[in-house]
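Several structures are given next for inspection.
You will see chain A twice below: alongside chain B first, and alongside chain C after that.
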Partner chain A sequence: MGRLLKFNIFRYNPQDPESTPHMESFVLEETDSMTLFIVLNRIREEQDPSLQFDFCCRAGICGSCGMVINGRPGLACHTKTKDLPEEITLLPLPVFQLVGDLSVDTGSWFRELYDTVESWIHTKKQFDPNAPEERMEDAVAESIYELDRCIECGCCVAACGTARMRPDFLGAAGINKVGRFLIDPRDERTEQDYYEIIGNDMGIFGCMGLLACEDVCPKHMPLQDQLGFLRRKMGITALKNFFRK
Partner chain B sequence: MQTIYTDVLVVGAGLAGERAAIEAAQAGFSAICLSLVPSRRSHSSAAMGGMQAAMGNCAKGEGDCPDVHFSDTVKGSDWGCDQEVARMFADRAPIEMRQLAYWGVPWGRVVPGKGTYYKGGKLYDKEEKEENRGLINSRDFGGTAKWRTCYVSDGTGHSVLYAIDNVCAKLGVEVHDKTESISLIHDGVTCFGAVARCLRTGELRVYLAKATVIATGGFGRIYPGTTNAVICDGGGHITAINTGLVPMGNMEAVQFHPTGIVPTEILVTEGCRGDGGTLLDVNEERFMHIYEPEKQELASRDVVARWMTHHIREGKGVKSPYGDHLWLDIRHLGEKHITGKLREVYEICTSFLGVDPIRQLIPVRPTHHYSMGGVRTNKDGKAYGLGGLFSVGEAACWDMHGFNRLGGNSLAETVVAGGIVGKKIAEFLQGAEVTFNSAVIDAEVKKQQERIQNIISCKAGTENVFKVRAAMQDALFKGANIFRTEAGLTECVKTLQEVLERARKVGLKSNGMGVNPELSAALKIEGQVKMGLMLAYGALMRTESRGSHNREDFPARNDRDWLSRTLAYWKNESDTLPTLEYEPATPVFHIPPGDRGYGKSEIIKAESKG
Partner chain C sequence: MQVPLTANHQSLRNHRLDGVLDWAQMLSGVGLILFMWAHMLLVGSVLLSPGIMNGIADFFESSGMAQVGGPLIFLLFLGHFVLAARKIPFRLEGQKTILEQAKLLHHQDTWLWVVQATTAMVILIMGAIHMWAVLSDLPIVALKCAETLQKNSGWLLFYLVLAPLVHVHLGIGLYRIAVKWGFVGRAGRKGLKRFVNLLILVSVGISVLTLFRFWFMTV
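Coming up: the complex of A and B.
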C-alpha cells in the first residue's frame, strides 16, 4: 500500500455568495508515478466535482497549471508526489486575479503585457510572397528560440517581490520578452525604443535582484542573465540620454 | 444578457483559428477568437516536430518541390484525401513558412559544410551548400521522399503560436479566453454566431457574427489515453453536430502515434525517428526493417503503429505495470543533439519518466493522437449544411489527410489552411449582410439556460458525468482501436448506445455555481458520445482497410467500393445512431490510386468487377 497523502487545498468560489476563502483537506493513497495532475483530477472525480484548477497539455509545455506547491510556485503537471512529503499544501498563484480555488486569470495579465511591450516584430518591410526568405545564421535563430521558450505560466511573476508590490511591474517574463525582440535582427526597434518600454521602475529598474524568478522557472530560462544584460544595456542608454541633454 | 457583435467569430484560438482571424483582420474586418484557455496554451503549442513545406534548402531536401510533397501527402492518406485540397496545401506551404519567418518565427537555418546524420541506427555523411547558408532548414519525417519538415528545435508549435498570437495582438484581433461556445445560433439556413459560457463567472453570453468559424482542434479526449491536451474534447464539433444539419467527415479515421510514452501518454516527437532514432523490442533489437525494408522506422504513422502493435502481439513487447510497450532509442544521437534539437523530449523523459534519454531507452507504444475527421467543409473551408459557418485546422475535415496524415502535415495545415480559408472568409464578408432574428437568438439562449438548469437540478437523472465519460472512453478503446473487427465494433456501438442513454440522464452532484467544472463536463457528455457513435458506426460500416482504419476481417484496401468519404449526421435529437451518407473521396485524381511504397497490403482495384 502506498503512502496516505493529505492535500490541503485553497477553496473559494467568488461566484457563490455562501463561499468564503478557506482551506480544505483531501486524503488520497499514493500510486506509482503519481503527479499533481493525477491527484487533482482524482479529487475532482471521486471526492468533490466542484474543485477548480487549470490543466491543458499536462506535459509541461503549455504553462496552464502554475500553482503554489508547498510554498513554491511550480507547474502541477510535472510535479511528482514522490518528491513531496505526506502533507501537501496547494494555493493559487498570487498576483493574478483569482477565478476560483486553484484557478487564476493569467490570460488577461499577459494579454496586457503584449500591448505594453508591443511583443511583435516591428519592421517597415512588407512581406513579399514571391521572394525567398531573408537569411539568418542558425546560431542567431537558436539564441532567439532560447528566449522564445517562455511558456508564460506566471511562476516567475508569482515569485517576484516587486510584482507583489507594484501591479504594473512587467516581471521577468515581460522583461525577457523585450530581450527576445532586442536580439532579433528582424525587429527594427532601437535601444531607445526599448528604453521607453523598460527603462523605468515598471521595467528593468524595478527589479530588486532577488532572483526567485530564476529559481522557480520550470523551463530553466536564463532569466538572471537576461535581467543583468538588459539592466546594463538600459543603464548605458540612460547615460547616453543624460549626456545628450 | 451581454451580446457582442463581430464580423468574424472564431471558436478556438490555436494556430488555425488565429491564422484565419489575421486574414479577416488584414482585410479590415473585426475578429474575436473564443478560447477555453489563454490562446498561447492552445494545443498547437504542444506540437513539437515541425511543419512540412517543400523548401528544398537542405542537402537531403534537394530537388524537393510541391509536386513531391503533394504526392507524399496523397500516398500518406492512402488515397482517402481530396486531391484538389492537398494540391492547394502543398503549393501554398513554402510561402506560408516564409511569412512565418517574416512574422518572427526563429526557424532552424541551414549551416553549410560537412556533417553526419543517423538513419536506422547507422551514420551517414552529408554536405550542406554554402549558397544555402541561412535559409530555412528541414528535418526528416515519416512517409516523405525528402527532408521537408521545417522546425524550431522541438518547440515548433510553441514558437509559431507565439508569433501568430503576437500578430493578432498587433492587429487587434481580440481573444476572449476562458470562454466556451456551447451552441450555435442558426435558423436552419444561416449561422448567426454562438451562445458561450464565460469560464470566469459561469454566465452566458451571446456572440453574433456574419461568419462563424469552428477551429477547436481535435477530439482525442473521447479516448481514455491520448496525446491530446485536456481541452481537446470535441466542444466545437458538438455545437455543429447538434444543429442536425452539419455532417462530420470520416470520423472513423483516427491516428495513433507510434511514440506515446508509457505511462502518461505524452507524445515524444516523430523528430526522434526523423533524426535517426530507432524502435527496439524486448530483446533490444530493431524490428521495423524486417516489416518495412524500405522506409523502416520512417514509414507513415499508421503503418509503424500497426507493425508495433503486431510485434507486441507476437510477444516481443516489454512487460510493465502499465501494459506491454516497446523502446525508442535515441542514445546514439548524443547529448548535444538531444539537449539541443530534441530538448522538449529530453525534458519530458526526465521529468515524467525519470528516464535520461542520453543514456536510457524511452518506453513507448502507439497512442491515440490525431483526428483526420471532423466538421466537413468544402475546399474554401465552408461547412456543409449551414451558411455563414466555416471550419479549419484539426477540427475540420477539409480533407488533405484522408485516412492517414503525415507527421508535420497537420501543423503546416493549421497555418496554410488558416491562410487560405481566412482569405475566403474575408471574400465572403465583402458585401455580405446578415439580418439577425431576435426570436431565433432568444430561443437558443432559453434552450441553453433550460439545459443548464435541468442538469443542475438533476431533472433527467443523477448519472455521474465522470463515470459516463469513462464508460464511453473504455468502449472506444476496446472496440475502435488500431485493429478493428466486426464483432468488436458491433459491441462498441451497442455499448455506446447504452452510454448515450446514461449521458442523457446526467445530473450534478455539486451546486453548479460559477465556473463549475462538473457542469462543463456535463454540458458536453451527450455530444461526445454521439461523436463516439459516429466514429464506431462509421468504422463498422466501412468494410475495408485504408490508412489508419484497419479491419482485420477486411484487410484489403477496397477502391472499388470505398474510395469515399463518410458523412455522419445526427439528424434528430432523439436518434440513437448517426445517419451515414457517402461522397467520392476526391473530385479529381492527379494521382490514381496505387501502391504507397510502404505498408504493403492487398488492393481491390477500382475497375475490378463487384
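Coming up: the complex of A and C.
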C-alpha cells in the first residue's frame, strides 16, 4: 500500500457570494509515478467535482497548471508526489486574478504584457509569402530558441518579491521576452526602443535581484544571466542618454 | 495587416533617470563596501599594535582626510540610503507582502533581501550615531577608544551589534550587486555565496577581535 497523502487545498469561488476563502483537506493513496496533475484529477473525479484547477497538456508545455506547491510556484504536471512529504499544501499563484480554487487567469496578464513589450517582430520590410525564409546563423537561432522556451506559466512572476509589491513590474517573463527580440536580427527596433520599454523601474531597473524566478522556473530558463545581461545593456544606454543631454 | 509602430518612426531619446539612479545605488554601495573594508583593516591594525593604529589615524587627521573625508563618507552613506530606499517598502502593506512572500517561498535569497533591508534601517541609525561620536571627538587614539569602551560597556554592546550587522549587510550587498548586474552568472552563484559567507565570517571575526583588543587594553 502506498503512502496516504493529505492535500490541503485552497478553496474559494469569487463568483459565488456565499463562498469564503478557506483550506480544504483531501486524503489520497499514493500510486506509482503519481503527479499532482493525477492527484487533482482523481480528487475531482472521486471526491469533489467542484474543484477548479487548470490543465491542458499534462507534459509541462502549456503552462496552465502553475500553482504554489508547499510554498513554491511550480507546475502540477511536472511535480511527482514521491518528491513531496505526506502533507501537501496547494495554493493558487499570487499576482494573477483568481478564477476559482487553484485556477488563475494568467492569460489576461500575459496579454497585457505582450502589448506593453510589443511582443512581435518589428520590421519595415513587406512580407512576401512567396520568398524563401531569410537565413539566420545557427548560433543566433539557438539563442533565440533558448529564450523562446518560456511557456508563460507565471511561476517566475508569482515567485518574484518585486512583482508582489509592484503590480506594474514586468517580471522575468516580460523582461526575458524583450531580450528575445533584442537578439533577433529580424527585429529592427533600436536600443532606444527597447530602453523605452524596459529601461525603467517597471522593467529591468525594478528587478531587485532576489532570483526566485531563476530558482522556480520549471523550464530552467537562464533568467539570472538574462536579467544581468539586460541590466548591463540598458544601464549603458541609460548612461549614454544621461551624458548626451 | 497591423503596421508595427516603433520601427517606423525615429525613436526619441529616453530621459528617464531610473537607470542612472540604479547605477548610483550600485556605485555608492560599492564605495561604501570598499570604505568599510579599509576602515575595518585600519582600526583592526590595533591587533598588531596600538602604535600602528595611532600612526594611521594621525596620518589621516594631520592630512585633513578624516576631517574632510568623514563628512563626505557620511553624505555617501545618506545618499546610498536614499537611493536604495526607492526599493524598500515603507508602508505596512508592502512590508507585510514581502514578509509573507519570504515565508511562503522558503527562499533564501528573498530572505536575504529582508535581512538586507532590515539591517539597513538599524545601520542608518547606529552608523549615524557612531560617525557623530567619532568625528566630533577627534583625534582617534587607541587608548582613548579603549577608555571609552571600558568606561561604558554600553558602547561595547553598541559596537558588538553594529559591526556584525554592517558586515552582513555588506556581504549581502556585494552578492546582490554581483548577481543582479550579471558580473557573476548562473554557474558562479553557489561559489559566490560560499565566498561571501567566508568574507562575512572573517570580517565579523576581525571586528569582534578588534573590539575585545580595546576592551582588554591597559588604560
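Keep this in mind: the second predicted complex is superposed on the first by the 245 of 245 C-alpha atoms of A that agree within 3 Å, B and C clash if a C-alpha of one lies under 4 Å from a C-alpha of the other, contacts with A are read in each partner's own complex, and residues count from 1 in each chain.
In the analysis below, a contact is a pair of C-beta atoms (placed from the backbone, for glycine too) under 8 Å apart; a residue touches a chain by one contact, two chains touch by 3 or more.
In this text the structure is predicted, and so the values were computed from the model without any measurement.
When both complexes are overlaid on chain A, the residue A:W120 reaches chain B and chain C alike.
In the superposed model, A:E133 makes contact with chain B only, not with chain C. Shared-chain residue A:S25: touches no atom of chain B or chain C. Contacts of A:D48 after superposition on the shared chain: chain B is touched, whereas chain C is not. In the superposed model, A:G199 makes contact with chain C only, not with chain B. Shared-chain residue A:C56: touches chain B; no touch with chain C.
According to the touch criterion, the shared surface of chain A, contacted by chain B in one complex and chain C in the other, consists of residues 118, 120-121, 123, 127, 187. By the touch rule above, chain B contacts chain A in their complex via residues 37-43, 45-46, 95, 97-99, 101-104, 106-111, 133-137, 152-153, 155, 158-159, 162, 165-167, 169-170, 175, 177-178, 199-202, 229-231, 263-264, 266-267, 321, 340, 344, 347-348, 351-352, 465-466, 508-511, 513-518.
Residue ranges of chain C in contact with chain A, taken from their complex: 1, 4-8, 11-23, 86-87, 89, 94, 97-98, 101-102, 104-107, 109-110, 113, 176, 179-183, 185-186, 189.
Residues 68, 71-72, 91, 94, 118, 120-124, 127, 159, 161-162, 164-165, 187-190, 192-193, 195-196, 199-201, 205-212, 214-215, 222, 224-225, 227-229, 231-232, 234-235, 237-239, 241-242, 244-245 of chain A touch chain C in their complex. The residues of chain A lying in touch with chain B in their complex are 13-16, 32-33, 35, 44-45, 48-52, 54-64, 78, 99-100, 103, 105-108, 110-111, 114-115, 118-121, 123, 125, 127, 129, 131-138, 140-142, 144-145, 148-149, 151-152, 184, 186-187.
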